[in-house]
Structure formats: structure tokens, C-alpha cells
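Read through the structure below, which is laid out as C-alpha cells, and then see the notes.
Per-chain residue numbering starts at 1, and chain names A, B, C and D are given in the order in which the chains are listed.
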């Protein structure tokens, strides 16, 4: 069920070398993508620790996206292999605890894949709209 | 059969008398028959109080990281799981093997209070290999549980949870986690939780927040605690045992162990070589994020 | 004036309590997922009653102390909002509905006497005071000591605690040996509550609580003298026993969080965008960042310093500040500490009381 | 219902003075008067960030309260970024104060190190306000480098020009811009050797400096009741309830921060 007027908040951790460049290219190419995304530039997708992702959810994100170079293209050779191992595990743990693993998206986007970046963000945005606001992992204190 | 306590005391006294070690880290009886606690014997007289029984559940190897133990020669009694935890610490250069005199025990399974530790039911590495320790206790106690090791059965508890719907799982953990008082005993008792400064103790950025009325804060703590020891877990079950609120924390670790196994093959901490599965990564790992999601 | 009401059984007491539920928030102990918890009365179902009865009849305190009802684990007390450069803040209003906490043990309620000394002395902590005045404590009395109990030693009367509103006595604890449940008012607040309860029930009404049966009298137990223990502690400052304890201490917060008399707290802010709250939450002197200062200086850097400080606070500092020993002998530290460090082991180590 | 002591009142930062690269003085006007005595502290809060206790560096009866704050932690980091006009929360005053009454008719010897001059300044200015009550004033003050000296206007211009006021400055390490004394404060104190006769010494600084200063003062013949110090601990409530700032049974927030050396010596715990 699509919620009316719900604009999800998306935090995207983008690797400096590929995905951020991809986002940049999307910008210069005037490809329009959802403005619900807030990009955090990280040196490598493996820089993204679990605590950062959870903290984003806690503080109000409805979805978190981790984007890095395609496997094999990592600027630091093996960084994204680590991301891959870690994120698979985090997703299973999160779903084991009954939270929504679909709210965490991991994607490989290279520096020239502006269209892919646009597509990814938009489809994630649509998916989150369907899911509605995330309230399982959110700190409720400011809502009193 | 010889009395295990007699053997323990003899070994400890011999080590202390010959000045091979400064202290012996073992167990002693508490106030009540169902209490056994960690104990440090520094003299021959103190060594007489050493014991080992079904209630010797604490993991002693964790203590070695404390400042108070640095630079001392220490003899330490080890159950199977504690031994594997210690091996990890040695492998990661957190303790010096040459400062230690390892005394291996055959663990009969342990319990806290009346309940047998869930992990012990499916433990197959309860005995410390003789060739890897300096002294091996030859006598052993009657096993507390009849072990019929089956790899699948050892995960039966998490299967039950996995069968639930997402909502049911969420409610289950919500109920369990909201009892958490954030006493950090699960972290402090864990033999493989070995960071010098824990991220939860860092004030800047203050990752954790003192509020215990927020489920989000509990989730944050427990997901990250479990995750940080995911590939290092030796399966001692100390996290669940020390928890005064009986939160089944070992289930989180079990789940992670099984997932790791599914994706990257079996790895047994303290038996297999380092690095642990999460401190390495390979090009040919399965890629779950490559496929397009439509 | 209502003094004592007799109920035929625990479930008839609960039915009576349900009648007054709209005016009170009522909490009772029961078991959930195999663990003792306090739940609101509405959530206590018929099949929980057995567990509740067991907890009430046990001569041992429930897993968690009831101090969290008066001094919550974490409580928001300030709300604020930012508008451009200015902030608006207001005190977060607390619930005004009177609370009834059923099932605390005498040691638990006596601990409020000690927390009162600190929180109600000038400047008065009004958040605590408000809850204190708004809460009716129904104490489930003991007729025997449990395995970890030191109530007699610390001068807590396990049958008739000084701090309480209503005493709850189970028939099986008395000479009657029946299933009845007696409520006896011991304060004005308690009397008023019983009167309301009386009107709403068809129980037998006024009667007298029969005599308790068991080791109700302190048997050969010498009450600990705060002064004496304080003096003994004076000489133990440089004693090696603290290092010994520290060597096996895990450094967790179990002892402080489960202790009914511990009352240290932390104050923090939480904010998101333009809204925020200030809350206070329990803190533990056993944590290294408890006294760590921003510049990096820590007056109590080692576990030894912290464990020493904790027991000195209980057995020496508190005596100097307020008079009594800061312990009610509930034995939760003995029950829950994974390393076996408790007030009992400390007393034994310092050579006080052969009985402990 | 009466007001809870943990609830602050509004205040406004009127002026911010940069003292050194990591110290700023915030001049705050509280909505309701604080009425502090020299040496007392107050809690400053930034909503959403937190609270911390600071000593008030201005003397009583001024329109504005001065807080000289060094950038060291989470709250002070943000405090250093705020601008004039910022709204803050303030509650206090907390703790005891310098025994200004007992000091009447005596010489005052102030020994400060680094940011430790902040609490001393309230008493110095108070003594200057009541010049007739006190004899000579001497200040021995040191910092790591010349740039770290705070209250530069006071120590270089205002105070040296006053009658019966001596200012002795020191820095820890040599620097091209410094032609004064180079060395640690306790050392300088020993060399200057002020007389203990009819004098009260008041000291504040890093714990290790206080420790050595106390030793030196004893060497110079100061008796325990002639030495006063003010301490700093981590505090949360400021009213002796949250339980973290104790030295023995004394709470620094309530029974301190000002202690006579006599009191410190009776304590079993080291103050630093």
C-alpha cells in the first residue's frame, strides 16, 4: 500500500572513487533522481561500519544505501569484498531480529554509471514509499 | 577415579612452589553449593581453595587482558571454549604465550543456577587438546549432558525463531531486549571481545546513549555487540549465562555463525588458522548484491 | 477505617484491583519468557497468576528491584525546541495517575528510606518526590530468610518494614495455612487505598492478619553496627583486598543496576534536528567513563579504585553522610554477580559478622 | 510544585572574548539572577548537546557572568563554535566558595596554572572590589606557552598597574616571544619564595601542578590552614546526588570545589 505524501529519508554512503563519482556524473548529466537521498561520501564502501548504518536508522532514516565500486574495481583492491561479507551478514542478522532488511540496500555503482545511480535511487525510493516510515529501529524520543 | 580437585590443587601448588608462575587463575567455591567463582591463588595455601565443578562457568581467559595481569607469569585453567578464546588472543598478540602456563581441562559442560548452558548441549570441542597446553588435567568429571553432536541440531533454537514471521520475530526480540539494563556484562564476560577501548565507551562520538527506555538503543547495542564478535565467537555461551535477565544472546551469535558458514565455509575460532572470516575477504566470494533487484 | 482486608485468593485480590484500575496504574511481578518482570495489571493473565503467587510467596526478592518505579532507569525531564536562534524548553510533564506497586519485598521498600535521604534532602529532587508521594507500595512480607538474604543483619524488618503503605501477607505464610491473601494498611496512603478497594469488593472485609509462621524473629543474628563497620573500613583503605576483588571483577554494572539502594545517575541530551530532550538515566560507578573527565583525567582509573569506591560508599561514606549503611541486604548482588563479589563476601573478607 | 534543581534558566551569551587558541570567555546574562560568591560554579547547557559545570570567573555583583572555557570535550567543542547572542541554559550557583571572610586583613597569594586562573580571577576581582579588606596581592601564573596565558588584559595591563599587586608570569617552554620566566609554576614559586606570614595561598591548575605547588608551599612554611585550592571533577547534577564527583565522602560539587589543604590531607583518596 502506497502511503500518501510520505517522502522517505534515505542516507546513502557512497564510495569516493566510484559511486560518488557516479552520483556526480548524474548531476552534471542533469539526470533527475529523488531528492529524498542524502549522500555521505566515504573513502571506500568498507569504511561503512555497522554502527553507522544503525545510527542512521535510529536517527530517522527510512532507508540506508551503501554503494561501492563493482567487485574487482576497488580503488584499494579488496575494500568492497569486505563490504560484501559484512553487509550480507548484517542483513541476515537484522532480519533475524525482525527488522526490515529491505531497508538496507547495497549496490555496486561505478563512476560512469550515472543512469544506474539514478535508477537505483529512484527504485529504492519507490520501494521505501511502499514500505512506509521505518519505526522499528527508530529512536522515538523526539516524537513526544 | 581420582578426585579432580586434588589434582588441580597439586598442579597449582607445584607451579607456585617452583616459582614457575606468580599466580594461578582458577575457580573456587562460593557461598552456596551452586556457586563457583573465579579465584586467584598466589600462595600454596591459597591454592588449596582451587576447585573445578559444573558451576565453573566463567571464562577466565578474558581476565588476562586486564592491566592488573600484565607482566606476570600466570597459570590458567582452561575449558575447551576458554582455550579457543585464548588462542585467538595469542594469535592476535593480545597476550604473550610465554607468560602463560596453560592447564587444560576436559569440560563436562557447565551450568549457572539450575540450567545447563545451551551451548554445552551441542559442544564438541569441550576437551582441550593435550599437545597444545603445558599441563593437562587427567581426571575428568562425569559429563553433565549426554552429547550427541549433530551439526544441524546445534542450531535448532535459531530454527524455531526463523520459522516465525518477521513481525513475530520483531515482537520476540522486542520483548527480550526491552529487559536489557545495559549492564554490559555480556560484553565484559565475552572472551573474544578484546578491543582496548570499546566503541560503547568512547565519548566522542557517543555511539551509545544511556536511555534504556528506547528499543532502538537496545537494538543498536545488541546488533553491534553480536556483530563485532560474529566471526570470533567460540560458542562458550557466556553472554547468555552472565545476563541476569536471561536474554538469549547466544542466539544472535549462533545465527551469525551459521550465516558465515553458509557463505564462506566452516571456520572454528581457535582451531582454524587466523584470519577470522570477517577480517578477510576474497574476490570469489558469493555476490548477493550484483543482481538487479526489480 | 479500613485496616486489614482478607481476600479468599490471589485471583480475588486481582479482581478487586482491576475494579480500581481506572484510577491507578498497578504493577505486579510475574514471569515472562521464564524471567521475572513487573507488568501492568492489565497484562497479567490468568495463567500468569501462578508465577505471581510463586514470586510473592518466595522469601527472596524478585529479580529486579522496584526502585525503577520511583527512580526510572531513564526518564526524560526536559523537552526543547529550536526556532532559528532561540530555544524554548519546558519540563516534560510526568504522569499524574497514582501508581500502585505490588510485590516489592521489605528490603526493597526499605531502600527507599535511603534514597529519600539523598534525593529528598535540599535541594529536593522533585521528580523523585512527586513519584514517591504518588506511589502506593504494597509490600509482600517474608517469614523466612532466603539463601542470599542479609535483611536481619542490616536492620530490615522482613515482616514489618518501616517504609511501606500496605503489607501483603499470604495465608500460607501464616498460622492459618490457607490460600487467603491479607492486605494490611500501615500508612495513611495505604488506608485510603484499602478503603477504595473495600467498596469495590465483596470480600470478607475487615479482619485481622493472622500471625506469621516461620523464622520471623531474628535468630542469633547480630545487627550490624554502621559505626563499627565504618571504623573497620577506615583502616582498610590501603588493604590488598580491593585489588583481589578487582582481579576477578568483570567491570560490568550488574551490582549497581540490581542494587535497590544504588542511585547514581547520568544526565544527557538527545536531539534530532530542531527538537530534543534531556533525560537522566542510571549510571554505574563500576564503569570507567563514570568519572572520566573531558580532558582525559580520571580520578578512578582502575577497577580497583572503582570497586573500592563502591564499597566505601556503601559501608563508610554513606554512614558519614547519612547515618545508616547503604545496603538493605537484599542479596541481589550475591545472586547476580558473575564473579561472586557481593556485600556478603566483602563483609566476610573484612571480618564482620561470622554469620555472613 | 516547586522547581526542580535540574531545570535550568535561560541565559544569553552577550559577549565572547577569545583568550587563547583554545580558551574563550563567554559573558552570559542569565534571565534570573544567579547571585554567586567567588569560587562558585554553574552549569551551562547547550540544548541538544548537554551540560557541563564551569567555574564563574567574574566576581559577584556584576551584570554578566564570565565563564572562561577551554576547548576539551564534546560540549566545549560546540561552545567554541557559538556566536554572540546564543541562548544557553544555566543553573547554579553550585558548591562552596573561597573563604573571603577569613582572608580579611591578610596578604593573598594566588598560584595558577593554565585554565586554572579562571576560578582564581573571581576572588582576585572580588578582593580588588573590596581593596580595603585585603593587604598585598601576589599572582604567580604560568602556562605552557606565552600564547596559552589567559586574561591577557588583566595579567599584562590591569593588575600590574594596581597598588600592592604583584604579577609574576611564567611559561613552561622557551619561546622567542617570551622574555620572562621559563619553568614550571612550582619551581617559580620556590624561587620567589613568598613569605607565609599573614598570607593565604590560593591555588588552582592541573592536578599535577596543584600537587607540586602544595608541596612547595609546605616547604616555604605555609601551614595547612593557610592554603586553599579549588578542584575539578566530572559532574552531572551539581547538587551532590548523582554520585560521581566524590573524594571520600565529600562531593566536590556540593562540599567543594574549594578545599583547605587541611581537608585534603584528611582525605584517604588522592584528589588527583
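Keep in mind that, in the parts below, a residue touches a chain if its C-beta (ideal position, glycine included) is under 8 Å from a C-beta of that chain, and two chains touch if they have at least 3 such contacts.
Not measured: the values here are computed from a predicted model.
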Third chains touching both chain C and chain A: B
Result of counting contacting C-beta pairs for B-D and A-B, higher pair: A-B
Centre distance in Å when chain A and chain B are each reduced to the mean of their C-alpha atoms: 34
Centre distance in Å when chain B and chain D are each reduced to the mean of their C-alpha atoms: 49
Distance from chain D to chain C - Cα centre to Cα centre, in angstrom: 40
Separation of chain B from chain C, taking each centre as the mean of its C-alpha atoms, in whole Å: 32
Multi-chain contact residues (two or more partners), chain A: 139, 141
Chain D, residues touching no fewer than two other chains: 73-74
Per-residue overlap in chain C, given as positions that touch at least 2 other chains: 266, 268, 270-271, 276, 279, 283, 292, 294
All touching chain pairs, where touch follows the definition stated at the start: A-B, A-C, B-C, B-D, C-D
Residue numbers on chain C that touch chain B, as the complex places them: 32-35, 37, 63-64, 72-75, 147-148, 243-244, 246-248, 250-254, 257-258, 266, 268, 270, 279, 281-284, 287-289, 292, 294, 302-304, 334, 336, 338-340, 344-345
Chain D-facing residues of chain B, complex: 203-204, 206
Chain B contact footprint on chain D (complex, rising order): 73-74
Contact set on chain C toward chain A in their complex: 76, 79, 92, 270-273, 275-277, 279
Residues on chain D engaged by chain C in the complex (per definition of touch): 1-8, 10, 45, 47-52, 72-76, 85-87, 89, 207, 232-234, 236-237, 239-249, 268-272
